[in-house]
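Chain nomenclature is as follows: A, B, C and D, assigned in order of appearance, with residue numbering initiated at 1 for each chain independently.
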Amino acid sequence: MIRTVKTAVVGVTGYAGAELARLLLRHPRLKNDPPVFAGRVDEKDAARGGVPLAEIHPSLADSKGSGTLRLQPFSWDLFTDLEVDILFLATPHEQSRTWVPEALARGIRVIDLSGAWRLNEAVNREVYAFEDEGSAQAASIQAEAVYGMPELHRAEIAGARIVANPGCYATSIILPLKPLVQAGLVDLKHGIVADSKSGVSGAGKAPSAKTHFMYAADNLSAYGVFGHRHTGELLEQIGIDSSDIIFTPHLLPIPRGILSTVYVHFKETQTRASLAHVYHAFFAGSPMVRLYEKTLPQIQHSVHTHYADIGFQLAADGRRAVIVSCLDNLLKGASGQAVQNMNVMQGWGEAEGLE
Amino acid sequence: MIRTVKTAVVGVTGYAGAELARLLLRHPRLKNDPPVFAGRVDEKDAARGGVPLAEIHPSLADSKGSGTLRLQPFSWDLFTDLEVDILFLATPHEQSRTWVPEALARGIRVIDLSGAWRLNEAVNREVYAFEDEGSAQAASIQAEAVYGMPELHRAEIAGARIVANPGCYATSIILPLKPLVQAGLVDLKHGIVADSKSGVSGAGKAPSAKTHFMYAADNLSAYGVFGHRHTGELLEQIGIDSSDIIFTPHLLPIPRGILSTVYVHFKETQTRASLAHVYHAFFAGSPMVRLYEKTLPQIQHSVHTHYADIGFQLAADGRRAVIVSCLDNLLKGASGQAVQNMNVMQGWGEAEGLE
Amino acid sequence: MIRTVKTAVVGVTGYAGAELARLLLRHPRLKNDPPVFAGRVDEKDAARGGVPLAEIHPSLADSKGSGTLRLQPFSWDLFTDLEVDILFLATPHEQSRTWVPEALARGIRVIDLSGAWRLNEAVNREVYAFEDEGSAQAASIQAEAVYGMPELHRAEIAGARIVANPGCYATSIILPLKPLVQAGLVDLKHGIVADSKSGVSGAGKAPSAKTHFMYAADNLSAYGVFGHRHTGELLEQIGIDSSDIIFTPHLLPIPRGILSTVYVHFKETQTRASLAHVYHAFFAGSPMVRLYEKTLPQIQHSVHTHYADIGFQLAADGRRAVIVSCLDNLLKGASGQAVQNMNVMQGWGEAEGLE
Amino acid sequence: MIRTVKTAVVGVTGYAGAELARLLLRHPRLKNDPPVFAGRVDEKDAARGGVPLAEIHPSLADSKGSGTLRLQPFSWDLFTDLEVDILFLATPHEQSRTWVPEALARGIRVIDLSGAWRLNEAVNREVYAFEDEGSAQAASIQAEAVYGMPELHRAEIAGARIVANPGCYATSIILPLKPLVQAGLVDLKHGIVADSKSGVSGAGKAPSAKTHFMYAADNLSAYGVFGHRHTGELLEQIGIDSSDIIFTPHLLPIPRGILSTVYVHFKETQTRASLAHVYHAFFAGSPMVRLYEKTLPQIQHSVHTHYADIGFQLAADGRRAVIVSCLDNLLKGASGQAVQNMNVMQGWGEAEGLE
């Protein structure tokens, strides 16, 4: 078999990293060329060639034990030596800000799962307080970075050197809204509401008061009201102002999955068919979106899949709709979409390895 | 101790009934006069004097066993013989429609937990398709029935013969909205959104596909979009039209608790203080509402309490707010509110037995 | 590609059936020859060629909709016409008792996921009260049926016409115990304890009081004490008497997964190495068993995998051990093991389609 | 009303502390004399008279806000000034080791919820590695401390200065086993198995990898095999050796509740009646134990109650039994039992404030 592409993953210890490892390891195009996993490794583990992946994520083990795949000590030389083509960064955004320039300089294409390079407008980047904000290098990379949602930017992703993989909440709101807003149907004066609910894996692996089982279980709480970091993304991608939408995330007592309930008013009376037509036209070439005809999506039907599910109910007056979108925040909301981007970047089938 | 009031409960086998039993059994005014529990009892159980309550709800047992308190076979003569003053109906609405007239005819005051007598307008009652709709008797009782939310109708409840205990979702939406709408602050043209999430006990005890653990667990689903039964209640009580609000209930993977996220636009710019003033004024004499000053309520802080919790975040523009309300659907959303109504009807402290 | 094998599934509407469909649809050997799904279909659905599989299990849909794969009306002629080689029965045991003879008569090999054909001894079959118990035909098929656990009966399965796929609890107890008992290490006089805990999917899809979310959630309960149906299986397969073991199942508040905690006393002092040696020797050629060297298995590491995980702790005295086994009750405990059996029957790699 | 008793609580910020606060605040004997809450308070909070309790535990708030009850800065003088009679310590065991001597010296009786003073035998205390182990003072207090399980030590508790409140797991195992072992029925040669399962609140409030929602949810794991800290307690209190029992705790994906499944062999054949007789005789004067006659206890029936529930199934051979006990780890397993001990120490009704 000829060599296709060499991948590397930094940040495999987190939840999105584990899913990314699973996906890349069974991707049909990468079967004979598993990814390199690199990260912080202490001396003792470095001495034994790194930490077996199965020690980090026991569910990734096979019955032969875990000898071959290891988390190796990170170094740029490692990537150069192994001729890495595509680097997945499942790292905090501060780290992505510093590493992406280095990777690009070495000719490595990057799919960055953090929020480091998603935002075009300075006002929206304020929430991240990037240290290199305003530098020429950062501005240049920012200008080059493509927002990694193939349903919106397929062509640019294909040729991109740096792809900014979308946020999970943002994905669940942009996909149901973009087609309607772009078609000019939505009456923005009324204000859109996006009421989102996410499982706990979205909060990351670091133990905290809010990820404690006793906080999350048997509970529901709203947070980040009028101030969640994903807001900038969805404004820029949908093409609306902050006064046009209220986005409220909630923490669900489940491990994974996002459901967003989106409320819109229309400028003119719509029918079920007119809206379905807009959605079908918009997502015609998009294999990772499932449109529901009669029922509404539920979290359990999208979790452990790579799809974004979209369905809606229209009010009897034809002027208002409740749109429900669901996805797995670790898959279409993170690692699955990252692999989808890789497929587009490589010219492979967009859904390869995602079924 | 002198005799105070004799209570009876029909429908103790359900979730709200179990909570009602617990509350009445430990109510300080009823200590020496426990309620009568009546319902359907088969012959074998009737022969032993009814079913011990502790067999129906093991958590209600004490260490002495369960001998004294029993679910007795229902009969009107039983209530007459025991001189029942107040009858709690935790029964399906069809049953409440037929039983309330009989109870009133016998001079028994009723607190009805079903939806049978909550609605004033015929158009809103259509969703229930009552068999006696349009009869003179039904119309007369309907006209007399008081919506059992002391925060809105304290004086009428005090003298009422028939109190229609509110729905759980409705309670969670009316309480945060009524003060603002009544004060004329809300710009209804924008449309209110009430995005509600409820635990599974709200769906009742009958096993069904939707109450199966495998359906509800690790899931979230919207249902009854543009058509939930509680809509009529909240329109009438808040005093708005169906075009003014979208109410969407969701099924949460938790046993109990409701959180409603309510989105409003204001006619004029508000401040945190101006809104807090309206709420504090409205709920000044209401012991079962807790207003949050800085943070937002969460389900876990209201569950197993009798409070409705209300908090809000105001947008920087002062023109939009996200209001969050939480309550225990079996307590302030059902049995706790029923006891609160009994307290008001009897002239007792409104919070007695609810702390 | 040449034709390999035609499969059919009856019982796809249940939880194990859904997993079986998923596995067969992505099995590398069946890619161009998807299984036939047959079952009870009403007239209206029959008229449209059966029920789209994606309507039954929305998570099985792809973005193209659900047109091609359908649940067709069951008929033996359908299977004959399509030249079905292997029939999977995910049906109640009564149905399997009647259908297996017919299938065998038509030359179709059967993998039966029910308890119909697992038991050799009449005394153990009493719990099922089979209607055809004692008939010559039943006795003949019973004698021929192979218990479908490749780790124990690989060779017989390869040539079998009828494979009785093991119960989920039984699998989780036989696999950790058989190697030790067969090696003569276990002191049966002390009595083995198998304390098992299973997720709710093990109780099936029919709504009941015990599968109600309010019963299972935030709860744990023991059931079937000294009388669970899987007891006969594990006695026969391990080769012990009912007085040698106590098996207690518990209902866990999780969707899927089984953990069995097994307690044994040894005749002679053991070391960690001596026990590990026995396990490694026994499972040397078994790709679907993962042996834990240092830690103990947990449900979350085995769920959504096809492995049975086994680990143990030895007491300081070397005479007692706590063995923990974990598996996904719908995969290694049902459908995954069924596919594993198909692989063995066809002479394919035992783990094909299970990674 | 005459002054009855002044209580103080240190450690109110934890889960057991919150329950303790709730119980003491509504205890009928303490209505006019609420407990003092003391602990670590920073300067800013000290300046405002301490942290309002309702800020720490919002569910403890009433609608009047949270002004009156506060967590005050800890000082011994505070307790002396307020003439504290009984001090509850819901603190880590190291802290209890140092504070109990001081409290006793000041004439304050202590109910200590930690493991600091529960163990009589040095070998069992090794697991705690107390710094003052071997000192005369520690030995003296150790000798004086009474194990706070009224069902076993009612008389000693009544007169005790220092009561060591039992561990939650230990309570769930001692109560079902002590009556049978004391009656000489249990054949210890076979070995007892105690397979225990606990909700996550038992692991405390500090965020950690194991209390992360993603670790605990949808999971079950055994831990502390052959080495859990509660083992010493149960050996001493039941009166058996470590070779007589295997105790295995498991982490359940629920907030609260413990279920222990206990397996025993009998020296001679027993009947259901003979065992029931032993239990009823043992717990005759114990209001906080509920004996199940026909069914087995479940966690959901004991949670939010102050009872320990016990039921059993006897094997057909009359020689083996599975005993199931359930309790709420924060109530009968911690704070409820602490209040029960206070009641006994004060000569009040043992169940006062616990119904």
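In this section, contacts are C-beta pairs under 8 Å (C-beta built on N, C-alpha and C of every residue); 3 or more make two chains touch, one makes a residue touch a chain.
In this text, all values refer to a predicted model and were calculated from it rather than measured experimentally.
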By Cα centroid distance, the chain farthest from subunit D is A
When A-B and A-C are ranked by contacting C-beta pairs, first place goes to A-B
The distance between the C-alpha centres of subunit A and subunit D, rounded to whole Å, is 46
Whole-angstrom distance, CA centroid of subunit A to CA centroid of subunit B, is 41
Between subunit A and subunit C, the Cα-mean centres are separated in Å by 36
Going by residue number, subunit A touches two or more other chains at 215, 217-218, 253-255, 298, 300, 303
Within the complex, subunit A is touched by subunit B residues 189-191, 193, 195, 197, 215, 217-223, 225-226, 243, 246, 248, 250, 252-255, 257, 259, 261, 263, 265, 296, 298-300, 303, 313, 315-317, 320, 322, 324
Note: in the complex, subunit D contacts subunit B through residues 26, 58-59, 61-64, 218, 283, 286-291, 295, 297-298, 300-305, 307, 309, 355
In the complex, subunit A touches subunit D at residues 15, 200-201, 205, 207-209, 211-218, 253-255
